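First chain written, first letter: the chains are A, B and C, and each begins at residue 1.
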Amino acid sequence: MNAPTDLAARLRVLEDIEAIRRLKARYFLACDRKDVAGMRDCFLPGEVHIDYGVVGTFDRREQLIEVFERLACHAHVVEMHHGANPVIDVTDDDHAHGSWALHYQQIDTRGRKLTQLGGTYEDEYRKEDGAWRISRTRFVAGSTLVLDLARLETQEAK
Amino acid sequence: MNAPTDLAARLRVLEDIEAIRRLKARYFLACDRKDVAGMRDCFLPGEVHIDYGVVGTFDRREQLIEVFERLACHAHVVEMHHGANPVIDVTDDDHAHGSWALHYQQIDTRGRKLTQLGGTYEDEYRKEDGAWRISRTRFVAGSTLVLDLARLETQEAK
Amino acid sequence: MNAPTDLAARLRVLEDIEAIRRLKARYFLACDRKDVAGMRDCFLPGEVHIDYGVVGTFDRREQLIEVFERLACHAHVVEMHHGANPVIDVTDDDHAHGSWALHYQQIDTRGRKLTQLGGTYEDEYRKEDGAWRISRTRFVAGSTLVLDLARLETQEAK
């Protein structure tokens, strides 16, 4: 139990969980900052499975980036992607899976509309060349709210 | 400091914190998914102390489950339980306590009402048969919002 | 790789990340609870750099406390500070930096106004006398919403 080899294996699991939690946090921060390169780097370079429901289904990270640039990368689309409730399982040295809850909010400052989504991710992660990346992800919306800001605001959202 | 026994004890504390964070995440995910068995499994099977304020006070997990099924397990009650700001203290090998903030949102798609709570949990955890579970929990609401969606929506929430 | 000294160094990094995550959680909980002493203790006692945008820029924690007491420590100011998406880098034994997303909400129960901010922190942390504290922090708001609750509520927020 306390042999250095066993300790190293247990430590490795904690390091992997930490690395994966950080990977997903980097992904969400990249979404909010419209950081295209940062987002791309969170996914495996080869074949992936990204199922974002009405947003689309993609098997290359470049396809997601294309949609991200088209739908979100505009000054009037102001977004918040906050991850919560991570449950991460490391399967072996280079495979893991995890669940996350998402609190998403979009302010469309042009259309003066507020969209909020609640939902959950089911992810798979793979470690290649020393780095954990998302290999498969599925987002399922649990709740959707679309509010008319023009009727609500005391000052214009930004 | 670097003797294998000391390292094992420090590693154990980190593993315990990780396990407790994951336990609470599983609890919140179970709430959102209306996963009754998943929720039950987050609490000790024997005597517990659950103080959820206006929702009720319970000393058996079955009592909480009963209220959960009656109040929340309906298609028109769409909920989000997102945990934040965990501060977890491991007291000894099988006791710990922790604080969490909660962002709770409920859409009542029938009554077209949105309820939001902010608040904090004060929890105690116990490890039995190798698994951490909640032995005591108290939720105190810090803020409450109830909004009339009929006046706000550009499309119906779901 | 598995020598006790190397294991101790890797373990230390995980402990430091854990301590910093907990520090920021304590800070956010202190904000919500209007716990002045708890907030003060999250910052270094000497020179710090706190850039909170329109709230102000401070080089002593006492200056932040003064503004906090003046702006937030009133019964009608009901706040939620929820941290998300932490990305923490430990640079050496007593220096680290990190990014966080914030979901901030304020209910002004007197003015019946709801203010929501989304944004990110860029922090630096220093370890002195065995405790990690914030030495530098910059908050940049990404989104701002101010809603008129008088037009929205089915019951008064609290």
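One rule holds in what follows: a contact is a pair of C-beta atoms (placed from the backbone, for glycine too) under 8 Å apart; a residue touches a chain by one contact, two chains touch by 3 or more.
These numbers were taken from a predicted model, which means no experiment stands behind them.
Residues touching across the chain A-chain B interface largely differ between the two copies, under half of the numbers being common to both. Think of chain B turning onto chain C: fitted on CA atoms, that turn is 120 degrees, to the nearest 5.
Per-chain CA centroids place chain A at a distance of 22 Å from chain B.
Annotation for chain C: residues touching 2 or more other chains are 4, 7, 11, 14, 82, 84, 103, 151-152. Contact residues on chain C toward chain B in their complex (touch as defined above): 4-5, 7-8, 11, 14-15, 18, 22, 24-26, 28-29, 32-33, 78-84, 103, 105, 107, 114, 149, 151-155, 157-158.
In the complex of the two chains, the chain A residues touching chain B come out as 1-4, 7, 10-11, 14, 17, 82, 84-88, 99, 101, 103, 113, 118, 120, 142-148, 151-152.
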